[in-house]
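Next come the structures, one after another.
One chain, subunit A, appears in both complexes that follow, with subunit B as partner in the first and subunit C in the second.
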Partner chain A sequence: MNALAPILSAALVSGSLYALLASGLSFVWGTVRIFNFAQGALLMIGAYVAWYVTDPSRAGAGLGAGFTAALFALAFGGAVLYLAIVRPFIGRANSDLMVIMTTLAAATFFENGADWVAGPRYKNLPRLATGNIQFSNTAVSMQELIIIILGPSLLLAFAVFLKRAKLGMAIRAVEQNRDAAFLVGIDIRNIYVIVFAVSAVLAAVAGVLYGGEYFITPTMGDDPLLKAFIVVVFGGLGSLPGTVVGAYMIALIESVSRYYIGLYYTPPILFGVLIAVMLVRPTGLLGRAYQ
Partner chain B sequence: MKRLRFLLTLAAVGGVAVVLPLLITGAYYQNLCILTLLYAVVASNWDLTIGYTGLFNFAHIAFFGLGAYTSGILTVKYGISPWLGIAAAIALNVVVGAAMAFPATRLRGIYVALTTFAFTELASALIVSRTSLTGGSAGLVLIPSISFAGYDFGVHNNGYFYLGEILLIVSTFLLRALLKSDFGLSFVAIREFEDYAASRGVPVARQRLVALVVSAVFTSAAGAIYAHYLGVASPDIFGFGFVTLFLSMVILGGSGTLYGPIVAAVALTFFTEWRELAGYGDLRFMIVSGVIVAVLLFARSGLWGALEAIWRLARGRRRTSDAAAEAVAEQNRVPTEAGPAATVTEPQAR
Partner chain C sequence: MLLKVEDVSAGYGRIPVLNGISIEVGRGERVGLFGPNGHGKTTLLRTISGLMRPTHGRITFDGRDITTTAPKDIVSLGLIHVLQGNTLFPRMTVLENVLLGAYSKRAWDDREENLARIYELFPILKQRSRQLARTLSGGQRQMASIATGLMGMPVLLMLDEPTLGLAPKVKDELATAISEIAETGVTMILVDQDIELLLSVCERLYLVERGRVSLETRRGEKISQEDVLEMYFGKAASA
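Let's look at the complex of A and B:
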């Protein structure tokens, strides 16, 4: 049983990161009904903004300032992204499919832009905290502990905001019934801007956490995006609880499979599970059917 | 008259195809042309599903990659002839494509895109995981070059040039014939109004499956030739880079046009690979992505639509509202007899 602690801690760390990125994807799908392929690029931009503000060779303002800058930059960036490449397509025929293409184009734009601006050299953010904590037979770094705690608490705060705040209720109203929400005077277009900004902020948090854990590169968002993609489809597009449950389940499957079956066989297993879920239950484990 | 025009076109295309590799002799430009030809095959076949059948999917990147790896593995590990390898690549992709399409084509809209995306990632992950067979993430190397009657294509690039041309011409000719037939018109009918097509007796899921499988044939052949030409097959084939490149060709050229993706393949391959622009590496891809969004926003019929509009203006014909609208109206002769199809095509035309 001594494999339990390392498997669990790895699953909790990656589950928290997946949950952050995937809930942004799922939230956008639930309200705006589009699938944002640029979500991974947003994570990457968040990490780069934080790096530019934090790193001593650049602004050198410290990690706290870098984190904050990334949050504000991405809130703005998410809103701009929506206005530029999503809003013009809302209401057109096949808007969801066209937006796949525009967000893919945006991801290419950002990845090449980052490579152009920052160069190909790998970058690295400082860790949020140093030191290790012994947990059963496994050493968990403080950074990982922060990820394990920060991810779920942020999402919990987000869920409370959706449940209690007036704006949160408006967002849920739009999610549940667009036309009825419009009839009672909710400005749907503004809600969409906010939804995009919020999901970009979630990506930025994930980006800063990834940037402290792994290297910052222009394509660093590709792999997290794939994982988030598995998670949202597995858990159910548009369902926040489904996404969070899905994130931890996928992370658990992943770390169990990595431990017992091997690193290289894990992605085929994940995608195999995913395709099975999509065929048996296309709306995911906790998702609702949309027409 | 129509027949004569067709024969003349065929003769002209054949003439250009024979002469072009003799005119372009530099290894560098030959390389660009060969890549263009193979990419054009992939883009135009992908467009059969995206543009004509209205089935937004990611499957063709898997067909292309699996084609490259199937032929690569068979020739490297089992020593069979590259020609048999290409045939095997086509056969495998038809089977795998049908197996994937069977469930996928019964889903709707975004779920088709997501399932085929997952399928592509599964193919890629499987290839990376089987290191002993596929070379893993480093890729499969030393894939033998194609030769024909003692003529090694690897020594004389002309061989690949002609092969690419033959593939593109045959593929385009067959696509054209398919799209002119009633069978092919049913694809467009599904795109235009799925429920109406179904009510007129078009088996929607089956036709979508057929569109995917048919377009897998030439896509996987292009993938196999690509692997033999380069001598390597790496998992990069499945990456976002190729996905965006091929999809850009479809969208930029004009989805739902036969020649648009081919024109765009020429434009995009030269724009993204040409060494004279090498100093603008990242910028080039940023410009391409910007243009894609602009095309989707303002000119749904893409480059081909623009060319058609210019052609029409030059001939001084009465300006019609949209090239695409006319094309659709022409293709929909059969549905319009029944009435509502004319109004149905409206939203697509804009």
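Let's look at the complex of A and C:
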């Protein structure tokens, strides 16, 4: 059982990151009923914003300032993204297809823009904390430990907000019944802006955590977006618990497969698992059918 | 007049449903709409509450033109629409549903008082307050739906077929509750297939056919079930 500790720690780290990114996707799908293909690019932008503010060769304001700047920039950026490329198409015929195109276009635009602005050299954020902690035969870095704890804590706080706050209730109301939400006086258009801003903030958190763990590149969001896509379909679109459970399960399968079968065959295995789940439960593990 | 609908047309896509309909509701008045299914009663309510935009005509409420006003602003004027088919927020508790009824700024601060009054009117909702709305029976869901409307402190309450698909006993219970609400003096537009209910609650009726008012009863006029049948089917049927 020597493999258990490294497999589990790797699964918990990627599970937390997938959960952060996928929750944003799933949340936007549940309320606005569109799929945001720019979510990976938002993660990337979050990492770059944090790097520019943090790195001694640039603003040099430290990681705390970098993290904060990334959160605010992405809250604003998410709202602007919605207003610019999603709202104009809401309520039109084929709006879902149009928004797939506009968000894909935005993602490409952002990735090339990052390449143009920041250059091709890989960048790296400093770690949130240094040092290692020994778990049986595996050393887990403090950075990884922070990811493992911060991801689920943030999502728990988010779930409590949705459950308890008046605004959280309004967001759930919009998700469950749009007409009835209109008729109790909820401003649905504002809710959509907020939903986009919140999911962009979740992407920014994931971006800063990725940026300290891996390299910052213009395409760093592509693989996480693909995994997040697998996670939300696997766990059930629109269900926050389903997304979180899905994230950790996908991360665990990935981690086991990487250890025993290898990096090369892991993506096809993930898709194989996804297809198998879809055949048995077309709505995902905890999802519902949407019209 | 509290509400004036003048020559309003509206429809879904290119299919017109309302063809120049006009109705008027005075303050404190209770008005009933009836008529065959698919002739525009629900569409009229949806257009008044702002869920649909009229293609033609004018709607004023309390002297304000609300023809193109957003639903949330219409709600905050106290014009409350309770949808047909007890559409609630299914995966929220009864309490959460009812509290959301008080979402607009106008009603939020008074929510505790109003909740107490609503629990008095529908005691079953108090018992079920922690239950998810989708687990309620049809009648209870309708009660919760009306309760949600009342939490918005309506100046004008529009109820769309509140007794649709309910068992006779539940229907009677609901009819009693609606009469009680009517007695509080709230202005009301009631759409229902149950003519007896309309006659017991409303002072005036409109017959809606082919997207317009084809007949209306005058204020102060006594209406009987036979009169209504006559409006519906012509002289021969009631004879």
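Operating definition for what follows: the second predicted complex is superposed on the first by the 289 of 291 C-alpha atoms of A that agree within 3 Å, B and C clash if a C-alpha of one lies under 4 Å from a C-alpha of the other, contacts with A are read in each partner's own complex, and residues count from 1 in each chain.
Operating definition for what follows: a residue touches a chain if its C-beta (ideal position, glycine included) is under 8 Å from a C-beta of that chain, and two chains touch if they have at least 3 such contacts.
Source: prediction; values computed, not measured.
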Q. Just subunit B (first), just subunit C (second), both, or neither: which does A:V184 touch?
A. second
(Q) As a test of reading the superposition: which chain, subunit B or subunit C, is in touch with more residues of subunit A? (A) B
Q: Name the contact category of A:Q176: first (subunit B only), second (subunit C only), both, or neither.
A: second
Q: Please indicate which partner A:I275 is in contact with in the superposed arrangement: first for subunit B, second for subunit C, both, or neither.
A: first
Q. Touch check for A:L97: first (subunit B), second (subunit C), both, or neither?
A. first
Q. Taking the two structures together, which residues of subunit A meet both subunit B and subunit C?
A. none
(Q) Give the list of subunit A residues in touch with subunit B in this complex. (A) 35, 84-85, 88-89, 93-94, 96-98, 100-102, 104-109, 111-113, 115-116, 219, 222, 226, 229-230, 233, 262, 264-265, 267-268, 270-272, 274-275, 278-279, 282
Q: Can you check the complex and tell me which residues of subunit A touch subunit C?
A: 166, 169-170, 172-173, 176-177, 179-187
(Q) Show me the residue ranges of subunit C that touch subunit A in the complex, using the header's touch definition. (A) 49-51, 70-72, 75-76, 80-83, 87-92, 96, 99-104, 108, 148, 152
Q. Considering the complex alone, what residue numbers of subunit B touch subunit A?
A. 54, 56, 103, 107, 109-111, 113-115, 117-119, 121-122, 125-126, 128-129, 131, 136, 239-240, 243-244, 247-248, 251, 281-283, 285-286, 288-290, 292-293, 296-297, 347-348
